[in-house]
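Next up, some structures in structure tokens.
One chain, chain A, appears in both complexes that follow, with chain B as partner in the first and chain C in the second.
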Partner chain A sequence: MEFGIFLEDAAQALATGILVGGAYALMCVGLGIIFGSMRVINFAQGDFMMLGMYATYYLATSALVGVFGLYAGPAVAALLSGPILFAFGWLLHKTMISRVTGARVADMDGGGGYAQLILTLGIGLVLQNGGLILFGSTPIAVLTPLSRQSWEVGTVLLNQARVVAFVAAIGIAALVNLFLTYSRIGRGLRAAADNPVAATYMGVDVTKAHRIAFSLGVAVTAVAGGLLASSQSFQPYIGIDFVIVMYAGVVLGGLGSIMGAFWGGLTIGLVQQLSTLFLPYQLQNTTIFLVFLLIIFFWPQGMFGRVSERT
Partner chain B sequence: MLRIRELSVHYGGLCALDKVSIDVEAGQFVAIVGPNGAGKTTLFKAISGTVGPSGGTIEYKGRDLLAVPPHQRPALGIAHVPEHRQVFPSMTVLENLQMGAYAPAAAAQWKRSLELIYELFPILAERGTQLAGTLSGGQQQMVAIGRGLANVPELLMLDEPSMGLAPAVVDMIFDRIQQIHKERELTILLVEQRAAEALESCDLGYVLETGRVAMVGDNQQLLNDKRLQQSYLGL
Partner chain C sequence: MKLHTVLLAGAALATGLILSRAEPAWAQQKDVKAALIAPLSGPWARQGELVRSGAETAIEEINEKGGIKALGGAKMQLVIADAGDTTEKAKNAAQRLLSQEPELIGGAGAWLSSFTMAITEVTERAQLPWLTLSYSDQLTDRGFHYIFQLSPTASRQSELTLPTVVDFAEKATGKRPKTVGMISDNTAGAASFAKWVREGGAEKNGLKLVVDEVFTPPLADATALIQRVRSTRPDFLLVIPSNVPDNKLLFEKMNEFRLGKGVVPVVGNSGSLGAPELLKTVGKDLLEGLIVSVGTWSMKGQEEIVARYKKRTNEPWMTQDSLMGYAEMWILKEAVERAGTADRVKVAEEIRKMDLKDGPAALSLPGGIKFDEKGRRVDAPLVLIQWQDGEPKSIAPADRANTKANWPKK
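For the complex of A and B:
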């Protein structure tokens, strides 16, 4: 009897883990694009996700998106937060990030890494506290009737809002992957990531390639946040929890690999949910830290670590 | 075609190029030889724009090249095959070659370029889907040259294509460079430490020493020069 209940719980945690993992995978892809193409250590990524959540919230409650109804509205709002945060990322890169990245800092102390760290931490602090002023500190969520409805598969309940978020996240991740693999701009981004100097010899404007990669990464993570917002309440400080989730996913997948970031993110979602089987709910992020440490210790190259170049 | 006048490049306080003047006429094969640290690679970087000169001018087909942003120079018909090959390791051989045709004009001729590259280096056709980072040095050099050719260049700049390769592979690479030059009447600017091979192939040779042009002449003049024979040709 006891064991039967445990199995039911395990199946439920597994299903929830996969569903939540979809949105995590997408947000990791966003960070993966930025880290993979620019090698920038970006601590503000969680706060970009927070902005995506608030953008989704305000869009979903606006008259403009209201016409899509209560069911499709929140998903449409999450998708629309992408272009908005893309523009935000573009401006941020143009005015600040480009000053501490690329050719300009190649011979700076630590390759500009220290400056990037301080800058993105600073941006994160400004966004968090700016968020407190603008949005307030009360936790909110994007309300949709789907959040309270579930499909039943055997004994497992699939929350409908999460299923919608999962499907949308997988779809967007696939599109992003297609774009990076087959488009001319995508090839240019990957070439600039592999070797910026050689990419310049091919005619790639590396600064612009970085700007596109950064904006795209911000937008993708923001959409992931927006999708998550209908099954998770949030406040301006939520980014701090999620930046850890993202780095754990990206490192698990293998630094520099987009596919890796996707599978890493999915795995982290799964680990987080499965841990609730054995540990109190409040400790679920502790498990992520633990997994993160174990990966770094035993498997630093991750699932899809970069090929090493022959010399 | 290419007119370089009194070009100087400084790295911090270090002078890498000191008032270097070099001419390349259309259809010529020009070789630049010299020891390590003579400024050969720096010269190429200045032409491609990844290093900014502290003085002098570079004119390409009558146009001030220094006023053109680096990433727009390939579209003018300048292909740079860099030192150490510098293929894109996590991209496939085919993707690497296609990067050479990144400029729109070159992209329009991509299909034909690829045929020509595969004709020149048949092994690359077999390796199309392999990641370039996993190729041998010789094959990476073929990818690097093929990538340059995909740009449909008028001026092909080759920086030490022989570096780190087995002698038989070096011979093959030099043969192919000769073939490209003769069959397509492509203008070639070659930088090499292997002075003998480079000078034999070229129409005009420059000897670069500690950032200065120490000698200039056609291949017979240079190959017969006593001092050059002693210091570079090992005769």
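For the complex of A and C:
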């Protein structure tokens, strides 16, 4: 390959990696909040993302959001899917997740980990197959001209839908970070995550903190899915493709660290796109696993994780 | 002998007599069961759904018209199994189906060549005649006796497609294309098509292969793939994917990189490139002019079949998948008629001997129904469709095509 062409390809891959990585980062933040504060290995996170995509689709095609037009409408719909999935997460935690988390499972085998794994896997299966019954198997997408247009920066073309998703993702991740760092509820969440017993003594309602964390994590991932729903067509099984990306990102960033999850997700996007410059395209997703394995071997605490929390 | 033993023996005898006397009433013909294994969950569920709706249309029609006459009007029944989203699940579905339904006379499936490879390992051992629309050459290169491939094989399709489209281009533009790019996924059918092009097919047609990229579905983003096309600018591009979400990413990226709408004409190979939902997710303008080679498509002579199907399903047109599902059931029906029995080995023999030139099955597949010793359909012609004005219309074979090819002149 000529050097000029290679440079052009590299610049394009870098730009795309950052843009794709932005949406991944937000997804990872969602999963990171849940894992970081509750230590729940949640295999249904991809399916919550799928629900976010469908919520965005139905909102975007509704008369309410229709007034925002084809350009702003999809982004507004994606943001609105957040509260809906927040409520869903709240309900799910209240009725199911809380039974296998928190103080009541401390004495269980593996600290309740097995029960959590089976429950979230089960919820995932129910959501996938329920989705198939409810939404059907036909792939759909949120239609916007943005997904097929680009802005030109030199020779690099930036997909407009991806840029919008990237900017929104950064904004939401920053807001979530501010909320967790400075708000009273956020501080309570972090206290409950660090030491649930001490937090209880200090008057923090740990179960409620967990409920908020879980719902917030579901909502954030759903919004990330909603932002992707205009570039990517989807069907009820799309979550499986993304749950691996999410876990790789969270592990790369450092288990338990929410900002780590963000940078981890972004890095995964970059690795996925930049790998195409050197390796055959079909190994694109294999490189994610490779990075995943390398981290576990050489850097088990990840980028922002504490040494005590190894993968 | 004690009295109660005698009474019991008497009762048993009486019951036996009653049962045997009742037999003629019970001996109404049992349903003849045909299997369909298709992906009904997972990312290929929509394609499976299309096959299923075609097969169900056929079964309904067969039973309406009096069932299987050779078996006293026995009704035909469709037994459906979900191939899921992995070859492992597809194979398990086949094993389960065979153990639960010992009376199957034959079956069809499972859309994706990789799945069909897996399930036919099971059906072959059970000597169950198996019809498939899948493209991969490997399916009928393994020396199996009970598999029947209805589409032209992928390499045959690529062998026929390339010279045909080069001619289209030359006639329309006055210039013969010199370079070609190729983007394919790594499923078995796409791999067979791409292999032929890569290993001398392009060269044979005077074409230089300037882009040759293979990806693993599903795609996360198509930028790097289309970037290669952008930097090399082939005279036309071959696209061989297997699902609508990947198609959307590819076509939107082409447009974004100013290569769409015929700037670099696209020729594809995959039933998914003619799916109604592609129109909804990508839009009419980006698909205009796209030429696709497929196993079969709606064409002249099928008006009644298509009308019945559309009425039943509300789909806007009948795709390869539905037509194949429809034809498969009619072929099995015809074979049972000829065999005069629901014995699967005899049914397979009849399929091997079959030479259908008319009737619903032959109408669905241009070229008639006759198989060679490998199980491939003899004289299966190249079927090409082109998106024109928001609908994929058949443009080849010429005698049955609905319209003429229209090569983009940009």
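As a working rule, the second predicted complex is superposed on the first by the 299 of 311 C-alpha atoms of A that agree within 3 Å, B and C clash if a C-alpha of one lies under 4 Å from a C-alpha of the other, contacts with A are read in each partner's own complex, and residues count from 1 in each chain.
The definition used in the following text is that a residue touches a chain if its C-beta (ideal position, glycine included) is under 8 Å from a C-beta of that chain, and two chains touch if they have at least 3 such contacts.
What you are looking at is a predicted structure, and each value in this text was computed from that prediction instead of being measured.
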Touching partner for A:Y201 - first (chain B), second (chain C), both, neither: first
Touched partner set for A:N129, first chain B, second chain C, both or neither: second
Partner chain in contact with A:Q232 - chain B first, chain C second, else both or neither: second
First (chain B), second (chain C), both or neither touched by A:L64: neither
Partner chain in contact with A:L7 - chain B first, chain C second, else both or neither: neither
Which superposed partner A:L294 touches (first chain B, second chain C, both, neither): neither
Chain A: partner with more touched residues, chain B or chain C: C
Partner chain in contact with A:Q272 - chain B first, chain C second, else both or neither: second
Which superposed partner A:R190 touches (first chain B, second chain C, both, neither): first
First (chain B), second (chain C), both or neither touched by A:A174: neither
Residues of chain A at both interfaces, chain B in one complex, chain C in the other: none
Interfacial residue positions of chain A with respect to chain B in the complex: 103, 184, 187-188, 190-191, 193-195, 197-206, 256, 306-310
Residue ranges of chain B in contact with chain A within the complex: 48-50, 69-75, 79-80, 82, 86-91, 95, 98-100, 102-103, 107, 131, 133-137, 140, 147, 151
Of chain A, residues touching chain C in the complex: 5, 8-9, 12-13, 16, 20, 128-129, 132, 137-141, 143, 147-150, 157, 159, 162, 231-235, 237-238, 240-241, 272-273, 276-277, 280-285
Of all residues in chain C, those that touch chain A in their complex: 40-43, 45-46, 48-49, 85, 186, 213-216, 218, 220-221, 223-225, 227-228, 231, 243-245, 248-249, 252-253, 255-257, 260, 277, 280-281, 283, 286
